[in-house]
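You will see two complexes here that share chain A, one where it goes with chain B and one where it goes with chain C.
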Partner chain A sequence: MPRYELALILKAMQRPEVAATLKRTIEALMERGAVVRNLENLGERSLPYKISKHDQNHRRGGYFLVDFDGPPAIISTMMDHLGRDVDVIRPTFLKHPVSKTEECSGIIPVNYEDKLYTKKK
Partner chain B sequence: MLLPHPPQARSRRCPASYIRFRARGQVHGGAQPEVGGAAMLLALSRCWAPLSRRPLPLLVPARGRKSRHDPPAKSKAGRLKVPPPVDPAELLVVSERYRQYRLVLQALRMEFKQEVMRKHREERLDKESGAEAMEEHLKLMAWNSAENERLRKKREERLRREEEELQDRKLQGALNRAKLMEDFLKQKEREVLQLQEEARNFITPENLDERIKECLDNPRNYNFAIDKEGRVVKRSVPS
Partner chain C sequence: MEKLLMQATHFSPWKMHNFQFRQEIVFCCCCCLEAVFLKRFNSRFYFVLATVLWRRGYSSQQELVAHKVDLPVEMENPYKDPPKRCVLCGINVDYKNVQLLSQFVSPYTGRIYGRHITGLCGKKQKEISKAIKRAHVIGFMPVMYKDPTFLNDPKICDIRHPE
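Now for the complex of A and B:
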């Protein structure tokens, strides 16, 4: 099963409501056959721009990160489900980023002279 | 028997006026002026110089000025083409003479051919059946078999070496395959163990509430700042 990350932006709410929303979301995931590994809180912060969703304008939101393993078919259903949820401002499903195992060799020097003139084919 | 002379083929001479001439260089079929032929033929026959010296005629006899698509002339309306008359007795005699002549010539030719072939064969046999020829033949045969032996040994050596190399390569391939398989299995084992380790920390319906509480209590911040010297600053306040 491939590994996904759900970057969830929730409405700025009180703690019990946030807990309920998270519980709802995770239970929905588990219902559809996903295995949730970890849940992270990236804090409540102001959004980079004003987002209007479900007839409301949001300027602050809670950022949460859910990484789970699930079948690819649940993505579209989950997007529908979360789109209907009033408390969710923006759900985003991403593939879990694979960290590079090789050593970083630093900045590769670019030849600016070559880039100065366009190469005519 | 005396060799018969080949009999005369033509019994009638073709008069010169029947021959038509055309100017050299002119294509057959066009309308060309007819030149007086008979006088020129007589003049030619009186010439005694060699061919290269004789005055060559400018006009060359051609086969009529009409092409096959032109209609025949009115003067030829009721013309019946009859073949030249043949005297049957003369024909018989002439053909009989020709037959005998050719028979004799062919017999002679065959005879000579046979003689030549016999001479060749005897020469060849003499050359081959001599004592030294026998010796040479035996020597060559011995040399040939020696060469064959040598080459056979070489070939067998080569084949054996190739066989060995093939076996080596196969063995190496099998070893490699076994090693790869082993590595693969080990990798999978490691992955499975790692997953089992991680599985202990997964969220289950039972510890869902604790995990949510714990998550809300510990906000994490992944932001950091770095400069060109490589100094990292992790402390930042989310707005």
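Now for the complex of A and C:
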């Protein structure tokens, strides 16, 4: 099962309400057969731009990150579900970024002259 | 060596390669071949040639050997500089660290700087621009301006002096 990341932006609420919303979301994920690995809180900050959702203009939001493994079919159903949730401002599903520290061999100088002349077919 | 042969034989210069081949045969076993030469080829030319070659036998062999040792050994340039690295070489680029992404964005308009200003290699420039666009959509990074908290970060891209 591929590994996904859910970048979740919730409405700026009090702590118990935030907890309730997160619980709902993760239970919905688990119902559909996902295995949640990790839940990170990136803090409550002011949004980079005004987002209007569910007839409300939001300027502040709580940022959360949910790491999970799940079947690819749940993505579309989860997007529907989160779209209907009033407390969720912006849900985004991403493939989990594989943190690869490849051996960057540096800038290899390209010989532009060769590129120019050997293009004859 | 070749001049001596010329004087002895009065042969044209472009036939010298034949003589050199014979020179090598002689150098393998110079003493015994001298006798062979004298017996097989009774003409005056070959006699002179054989004696000349025999007398010069040892020294020429040493010259040949020394000549081969003196040739430059083929190897990669040991004084080569290591390839130039861009600023982000070896650093993992993520859409989540907005501070890193904001360093490659204009503070006034929020536009992503081009390759000639950032000085990044092709791969990293692409990664950065993809990450910035992703952060815009997800709601992590402002689009039309640079986040004010990151305005005093160390400058990587100098727009007045690109590269």
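Here is the rule we go by: the second predicted complex is superposed on the first by the 103 of 121 C-alpha atoms of A that agree within 3 Å, B and C clash if a C-alpha of one lies under 4 Å from a C-alpha of the other, contacts with A are read in each partner's own complex, and residues count from 1 in each chain.
Heads up, the rule we're going with is that contacts are C-beta pairs under 8 Å (C-beta built on N, C-alpha and C of every residue); 3 or more make two chains touch, one makes a residue touch a chain.
What you are looking at is a predicted structure, and each value in this text was computed from that prediction instead of being measured.
Student: A:L82 in the overlay: touching chain B, chain C, both, or neither? Say first, second, both or neither.
Tutor: After superposition on chain A, A:L82 lies in contact with neither partner.
Student: Is A:I74 touching anything from chain B or chain C once the two structures are fitted on A? First, second, both or neither.
Tutor: In the superposed model, A:I74 contacts neither chain B nor chain C.
Student: State whether A:G106 touches chain B only (first), chain C only (second), both chains, or neither.
Tutor: A:G106: touches chain C, not chain B.
Student: Once the structures are superposed on A, label A:R15 by its partner contacts, choosing first (chain B), second (chain C), both or neither.
Tutor: In the superposition, A:R15 contacts chain B only.
Student: A:A34 in the overlay: touching chain B, chain C, both, or neither? Say first, second, both or neither.
Tutor: A:A34 sits against neither chain B nor chain C.
Student: Does the superposition put A:G43 against chain B (first), chain C (second), both, or neither?
Tutor: So A:G43 only meets chain B here.
Student: With both complexes superposed on chain A, which partner does A:T92 reach: first (chain B), second (chain C), both or neither?
Tutor: Touch partner of A:T92: chain C, not chain B.
Student: So, A:I26: does it touch chain B (first), chain C (second), both, or neither?
Tutor: first
Student: Enumerate the residues of chain A that count as touching chain B in its complex and touching chain C in the other.
Tutor: The overlap between the chain B and chain C interfaces on chain A comprises residues 42.
Student: Residues of chain A touching chain B in their complex?
Tutor: Residue list for chain A touching chain B: 15, 18-19, 22-23, 26-27, 30, 35-46, 64.
Student: Where on chain C does chain A make contact in their complex?
Tutor: Where chain C meets chain A, its residues are 82-86, 89-90, 92, 94-96, 121, 123-124, 134, 136-144, 147.
Student: Note which residues of chain A are touching chain C in the complex, please.
Tutor: Per the touch definition, chain A meets chain C at residues 7, 9, 42, 47-49, 51, 61, 63, 65, 89-90, 92, 94, 97, 99-101, 103-109.
Student: Which of the residues in chain B come into contact with chain A in the complex?
Tutor: Its residues touching chain A are 198, 201-203, 205, 208-209, 211-213, 215-216, 218-222, 238-239.
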